[in-house]
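To start, the structure under review is shown below, and the notes come after it.
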């Protein structure tokens, strides 16, 4: 009977499927709830938009110190911020780390962050954290123009980031518009110059700039002489210089300074989610990375990002943060949604 | 069960339609009718329009040289020309970018994608050329057609299904490929959707782009069905198939040899040499990476679970299609077919949204990943299994039944024996797909998941090409046996 | 003038000799059947004529023009040789009309619906079939389309490669009739390759027997049937009854069947002992009146007396095995079923016409 046969097959299949999936699911990491105690234990899940190597170093050091297991999910700032908002109460994340602050603001505005422990906040100067206290800066990076001196003389360098809208720059500068890094820079432009000026700047950028995927790729292209200049963050250059220099040896950095939007210093953020099932360990992790031990990893490691905690100096290879003359912008006021909308409107996304 | 899987198969298409409608016309139209979408449309359409005919031409010419000439070394070439299938397109692109860092734009996209995908036409053309009845070509010659015109008027029409089928698969690959084009800065709908996802998660702009991409896919599917027409290309009559005579190449032997040599150089040697170069550059340190064995294990795990489940699910669907053909069975098959034609990014977006909003219990679980793999790769398994099932002589099952075996036992002891090689091949094909899958895995995988493909991509994104090389090597090593299984089966089934 | 001529043609495939110094002349307008077992080289012969194979040595000419030699080779598409193969080899992607019109353009023959229709008429196929695809036709219809397609170009030679062997018996006869009539009407030189003796005998004016690549005998069907060169040829063309005989005179031999007339091949030596071939229809049996009838066992006029050893019913006829002289002499004889003798009955065996003294080697088919 064909009916019998199908039934048998169906049963066999269902059994196989369930067994296999059970096997998969059981190996799936999840936050575990520790017994009520002030001492961090169990495990946490971190939505990590920071460089994987940096967060992995933080996580390893934290695990070594506390025994808390840290599972990373790696992705991008705005991807995660939107994802967390959609996940709402079902979010498996305990901690969210970004490279730039707009994504933090998005989650904050949705009311999904817990208050950061007071002791943690006190480790970070108020310039590098929002007044709300629901997230904190964990590191900082500066906007730079990387350029190839054989293609661009010092005299030809732009005074302001906004000068790149000029027709003379057509096809002569690069960026990675799809990345959260550049979008944070745009959010600074938006904050400083307003909506319509930003939109027209973005439209001329659409005409003038060449889009690469990722800051490293931009730098690599400038180094190879494919394009004279690119807008990136400083630490890609220092990281490469500290290594083989393969992708930066033919380039130099130019800092806009003068509180130009192009001198924007972006604050990387960290926060604990309200829905965290292990808030004790999550808060402890945030306290750890903004503390002496965590910030020292920024100074001594290969990330070349600026530490933000009081009393921790930057990697000696870097110019001091104060010398960069960045525009003063409250990181809480940067808006990622408006930026992606404007960039979509300009045809960059 | 089969119906259940096929209902799940409606999720991606349903998601695109429902979210597009829910977005509301003003927002939706503003997101669709804008210059950026126009640009992407031009890029994507040009990519398909240029690459597909080139691949078809290269695949066809290569197949003809291999099957119909006495070119020395053709056996080695026959194998080498399939080897690009073992190199994921994004690894090929990585190989090319390492060699020529300035590669970008349409023509680079055509180059890299063409070199990755031409075997998808080559393989079915070889299979068909081998099966064609040489008597028909002789009849045409006796009717006064020169060899060239015999090829054009008789051989080519008989290759039409292979060419069309292979071209469709290539076009669908072109629409869904992300990594290969992202590396050479060539924007297609898929790369743009991934970028939108990076910026907005599953925002309306991503869905709007997805809806245009889905429309392109459907246009291709309908076009291919129309192109097939109603004609049959099976052999007519019962003459015994003898091998077709091979052309002796005179001086053109050099041209043929150079042509195949150049194809192999560009499609196999360049990526292999690049990977080898980075392996040397990275040295032992790159292999000491503790993430490497973890990624390998996870890839194997997902590959095995995904392929076993897909093959198992394919069984009832294939049995229905072969033994009990009905409009329902046909419908089930078409749903699976259309779904698998959609780019992985669309399926992934749909499953992320559906699982997060409707079934939070399975959100970010391995189940969703495996479901995505099934939706994407099920038709490969079905086509392969169907071919196997239709080769089981019905008389054998009847003989077993008449010898007193119950139907269930007949299936287990007789049918399954015959179908097992096809089932293994089906599972292997799904495994190949899973191992090289990037976008859906990135979006859907449980926290902490690392596969060879995602780790490769993470390294490439940090322009750590040397660090990416071990992952590339492992991906190729995993894919090689499956590719050659595919090659050796190409006489029986011509599908990828 | 001869339309097809082979002069000393050799062809080998690797170690296998497919044709060995074949000489053959096919007269203009004739219908030649080439008969031989599988592997006899008959298909190779056709492929050499059509231009799908090159001879290793020798010369092939068509209508006086050399088309293949060690120096010349005219490719298939320039020979204007029609070909109908075993399964028709219709183009599966084209309709019947398109198949028929296929060669017209290439040869510059006027095409168009009119000529397709008249070709369909010529092969006795309804015009309604014109828009159909080959897979919608029966085997016999496919063969007729293949013939019409080949005829459309008015070939100087038509080659038929076992074109009826895939058809079932009744269809085979009717299709053969249509093909035969059509080709006669068109007056086209035709070469038919077959392993079916009835087909070869019925179709041909000239019969060619091939064995192991060697052309054994050429002649009219009747000549070859009556005077086969050897036992192999004899068996290829019909059933045989072979008896040993002592040649006692220029046209007489002494055999089991008594003294029989023979058509001796030249060189037959009186006094020698030879094998003598009869066709079953040359032998008949008549029931003797009674067991005690006083008839000598070897009466030349009446023939020898025998006992029916077995009777096999075949429908219209029976096949009798009779035993002559109580010894080992067993013969197979046909007899109308209507008045068949029964087993054990005594019969007289009669011989019609002359036996053939077999020369050449002894071999089976």
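The letters A, B and C name the chains in turn, as written, and every chain counts its residues from 1.
By our rule, contacts are C-beta pairs under 8 Å (C-beta built on N, C-alpha and C of every residue); 3 or more make two chains touch, one makes a residue touch a chain.
As the structure is a computational prediction, the values presented were derived from the model and not from experiment.
Taken pairwise by the contact criterion, the protein chains link up end to end in a single open path, with no chain closing the loop.
By number of C-beta pairs in contact, A-B leads when A-B and B-C are compared. Work out the mean CA point of chain A and of chain C, and you get 90 Å between them.
Work out the mean CA point of chain A and of chain B, and you get 35 Å between them.
Averaging Cα coordinates per chain places chain B and chain C 55 Å apart. By the touch criterion given at the top, residues 1-2, 4-6, 8-10, 12-14, 16-17, 20-21, 23-25, 27-30, 45, 51-53, 71-76, 78-83, 85-87, 90, 92, 178-180, 183, 210-214, 216-217, 220-221, 224, 226, 247, 340, 343-345, 347-349 of chain A touch chain B in their complex. Touching chain B in their complex are the following residues of chain C: 50-52, 75-83, 85-94, 102-103, 106-107, 133-135, 139, 142, 146, 149-150, 152-153, 155, 159, 166.
Residues 1, 31, 34-36, 39, 101-102, 182-183, 185, 187, 192, 195-203, 205, 301, 305, 308-309, 312-313, 315-316, 319, 323-324, 353, 356-357, 360, 363-367, 370, 406-408, 411, 442, 446-448, 458, 461-463 of chain B are the ones touching chain A in the complex.
Chain B contributes residues 133, 135-136, 138-147, 149-150, 153-154, 157-158, 160, 231-239, 245 to its touches with chain C in the complex.
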